[in-house]
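We call the chains A, B, C and D, going by the order they appear; numbering starts again at 1 in every chain.
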């Protein structure tokens, strides 16, 4: 059984830079929002490949002494999102293996939907697995591939897997970047002083001052070695299915992906909300930080004043443990506080990016009422999430999704809001300019572009959102 | 010589709650923005007092096991701001001592200006000092006081010191809160289920769901023991001198202090800027997070569109160490990134709360220009800082203050801005409603309300601001 | 290439005890002398298998919280000896894998001589390796085995490997112990309140108060499951080749193995030395701790007084780092000190268990001379080590063995001893009662009972002995 | 109240060596047996004094990076013995303070008997105490001294305290060593390449290859500064009272102190036992390590064969925590194991250095009987301990001393021994050559040479011995 079907991660690769591991470290730091569970870097000096991984934030896992162990001009890195339980370090990436053709390291963002099936087939032939993550089947398929070159082996392996992957692979001397034919997850290419950089988001390029060249195409494999950069399209062409949640929640607002800046897409969705689902309110207040940009769009379009009436404590750290207390559950109060003076007596339009379970949202409504809000109108900058994602987003089981089990009015009552409206799928796709041709909407409408081969897992995991994270 | 004259800190005290240390822990967590160098809690179960201190964030210093050592219904805590060097743990607070009248623990926010002089006198009589911080003289003066009661000893000691202090003191059975006659630093009183809470800011009350009663008055000593709450005014009455920087930068926007919400004061200053120092710009862009609220005020008042064109990476942690790199200095890029699409081709009014050295501000201007800004107009939501603070803010030496060494035009040229304007002292005080009667303006105009008795220290310290912290 | 051909380790297994992991922990603690590099425990509650490994001593790797994660009545554990370099945690054991038949954990003491060859064959068929240690080939062979039962798969796998192994294997519900046909390394079976215990040495049984049942036989596989204990002999019968170095140095003196107590064997060798290589000396002084028992035998037999003239500092810890010093190399002085009053003016017979490189021995001779010894006569309780071991002892390359590169007189001169004699191989085997029929003597005479299939590795490792460890 | 009246510690001081802190570190390492609770070093480069202390073994507290912070040619260090509870780090030494004359650091071995009284007097005058250890009064007395020079201030302070002290004191430029008039604790002086070394035991000189010059005399103060070494005798002359327990248990056998090697004294006591309290036994077996040398003396003198029938596990570490177990209490088995083959059927004379509570000794007798001993005859190499020590040894309250509450026959019965005999006080003093003129015997006969001024403390502490430590 695969414990960790669902995860959202960040990947970075650097080819031919004297400080490759340092650049990967900085890149992972810029991608920290994509995963905080573990961080790892593999580096090669052409003669030897070395791996360092650890649990926690990039800055906690790596110090200068540890980075100094990662010598060589070639490196890849990975941030992993934190899910519950199970032998975590074993699942940290990059995963590094030795096989007949030498050493190989892999960093994978996305989720395969036939990994369990392939795994069973491989195991039937005597293959051994170290981790419980789906990425390991890719290296097994490469080890068993009949093809001879690195690219061909990778293509042969990737043709056998279904689902979402944006990945970087390295041997001791070559770097390879690949994106699944649907292009669920982002991946981009950049250049820095003759070195090549691959990363999940363009904010990496900005930080290290690399030049952004272009996005890796859906279905493209890019090989970077001493021959330069080569591009391959070894897969059958299919319709693009970018993950719209990258815009809604995951990606940094300063990143450019799927042909647009996240900030722009997010703000446009806010404006669209003001058109489609206006609110009769005195103030627009975002749930920080994920609701801020769309709230700004909503406020601008509606003309309702914008106020940061909910203040976020940015010192919330991984290590904070709420003390065993008889008093009360502090919950969302540890992260957010409402400013009474702003809220009291007002009709508040609260803007959040999405609702998953609804538990946190309910607490926020209560917090606003406790601060004296006269009315609380929830406006959600995405459609209701009614279905689990199997392409790399860690949604809970459907029965835990409030929009799956409750209709709009039931949800509103559960949340104790005076009104509740979601941006419609149609409007969202319109805002994204014929978005229906380009984006996956499975979590909203259940139209899964890639069939789920594996038995649907029991995703009794801590879900990713539903908490203001 | 006193190494650490200047620091900004947070204090919390709890009287008569079964989970006093847990509440102090939560309170320190809410006050984390006031100091990240060290955290400490002293607790008493009436029979014994115990102290736990450590370097780092509250959540890193304390785990449940360590909190369990801090038993009893009485506790105080302290967060300290990070300055450079020197035996740091020795200077962490609360400081706990044993003297003839028993055990005593002290947590102090503020800075004394005659500590060095008193220290030399006490040492001449054989007193021994453990730390290099100014707070230690207070406990020495209490140990040598002739008076008999706790309050009288505290008053006798505090009458001998000059400068800024908002402090909490505890014996094994009593809690005392005191604020200097000028009231430089904030301090407030609250109540929770029969227990009393004292804290630097009201955000503590919000988090632990205590009822905010009132601010401790300048010059007031509050004693809390089994007789209830008693108030004393043992000092000569003087004009109030609240620190306006609490509004400008330090305090959390959701805190209420000096009679107003920080958020409101900050936004009003933004509006005032739009009136006094408007900008001919296409966009208002704040330097996050400290410039956001005043930028919103500026945008509203001026009608210029507001955009979050600079995105902050909130995963910047204490432990991040920039790798030894031949490449470049990443500096401010690790914290901020400009969104090209928003900035490019625009005339940007950049709003920041203040300028200290100017080095960071200069990098931000450069970042905006690199992102394609057509013009960069700096609008600063406070007057030029021309003088060091000796009352608890860790400003650098005057010669390192850009506004001390450069006039407005020189500063603008140094920062490479197209225009630069500061909110005037007069306008700021007007916004604060006769603020000149209530606020200290020493850092702007050099009018020090309390004479500096000690030799002016060589404050070759890492300054607090000047970096977007 | 296999980096870590050579290692000496300790293994423990427990079947059907409610505190299996706790017992394994105590057992590893009793076997700490067999390996200090890493420690690990795998446990199963029949439904799930969990692994915890770490670098360092058992007591440093495990605390009660970590042990609590290791639930279930079935557990195995492993201590590994510290060698230099290379991704150490990856090589720590037990190794736990998932394959078609489920989960499997392995702890291995010994060294395989055809692991590299098998590894290359497996890799050729697409197998992936995580570690660089030889034990991993065993689990690969089990994963690819055609047989169906656990024992048959294990036998099929073990029939393909050559060399030394005493190992414990577990599935989620069964425990298996196996010893190679030559029986190089020890392994014993015990019983505690209905539970079964397998361990490298009997000192484990003594500590946990288990009843020692018998040694596992060379070539025997023992399966323990809900059917009880079953014994299998699936290998071709060969002459036993116990490692005599277990008596000379490795095993604890209070352990019983290869049919005798280590203490007794060691003392008998000391007596034999007094007969074969007497010394004209005033005092017998052991190199503590490994030379103490044989020195007692030597003293008793020769009638020469016995004195602990060299005192050992038992606080030498793993973490001690000699400070970067311009002064001198402290070397052996950190561990041993000579008592001048005892040594001065005396003719000393120094008894040590063996000589490997000779560097430490030379420093001890110098230390005794500095303390005033009139004469220093070295008597070594084993024959000259002239050949590398490939069956689990981490000897250096032959060219680093002093007895390989120097004859007796040259060695004596190098060590600056007045005389030097080794116990002869013949005498040693005589003391061990027809030992030549039962013991491996390859390191003394080069007669390797199992041919070395793999290319002889470049064992540029830190050797195990040659330092008083 | 003083919590920690009793402790045994090690001190080191180095004057004028470029690597002073490194040498102190090595010295503390050689003295690790004298205290394992905490370790600390203060160093001065003449301009600044810096202190580093931590809980645990020297090698765990200090790594090269931390030693590098301790610059300068002058340093002192301290190891402290582990007692239970109470804010330990606060009590770690050296203690470093600032007073009128500058900085001062102190490391103290011994115990003062009027510290509480002085402390109360000082507190009455307003003095503040940081720690609960008695050493702090010495620095207070120095701070309040009227004299002007360092030596005179030290003498003035030390004349006011009673009890045991061997101490090193340093200013930024001078080193001072002092020993109380009775000379309870050892202290010696050495020289290394022009630098001077002061240490508790001579084993420090051996390790760092310093030349041992002489012991510091009882009542002597030695000042070392740029004028060289000066000696002062500022105290009234009294009869010497060396602590005989340094020979019996504390000091390393390779150290020379009180005019003799510990090894020699210990062995002579063993011989004397064979004369005074022989045993009708087949074997002499020591309780390792503290009973080994006297057992050798006993065996030699009696002619009874000597065997190491009890084997000690030297990997017992500070961090080992016995797992929460329903099974049994492992207790002494974690440290010792009996070899059945040696013990079974024999009449064993067991030699231990002393008996305190008797609980451990009782377990050892049981362990020997479980191993098959026919008879167990206890022979103790010191007289019965009937009284608490107040001069630096952490004995428990009298009522916990088995020899205080039980007569010889009752003790024997409690221990389940076939016979029990202690070396008599008279015989011990005879062995020590008119020892009664030179040694304190208070713990045996209650003749306290220095009256205990303080209220006798409630020493409900974990006692030091009584466990084979």
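In the analysis below, a contact is a pair of C-beta atoms (placed from the backbone, for glycine too) under 8 Å apart; a residue touches a chain by one contact, two chains touch by 3 or more.
In this text, all values refer to a predicted model and were calculated from it rather than measured experimentally.
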| item | value |
| --- | --- |
| Given subunit C and subunit D, the chains that contact each of them | none |
| Rounded Å distance, subunit B centre to subunit C centre (Cα mean) | 60 |
| Subunit A-subunit B separation of Cα centroids, rounded to whole Å | 36 |
| Centroid distance [mean C-alpha coordinates] between subunit C and subunit A, Å | 48 |
| Contacts with two or more other chains, residues of subunit C listed in rising order | none |
| Overall pattern in which the protein chains touch one another (line/ring/star/complete/other) | ring |
| Chains that touch, pairwise | A-B, A-C, B-D, C-D |
| Contact set on subunit C toward subunit A in their complex | 50-51, 87, 90, 97-100, 120, 123-130, 132, 139-140, 143-145 |
| List of subunit C residues in touch with subunit D within their complex | 18-19, 22-23, 25-26, 29-30, 32-33, 36, 57, 59-60, 63-64, 67, 203, 206-209, 252-254, 256, 261, 263-264, 289, 292-293, 296, 300, 305-308, 311, 313-315, 317, 319-321, 323-328, 330, 333-334, 337-342 |
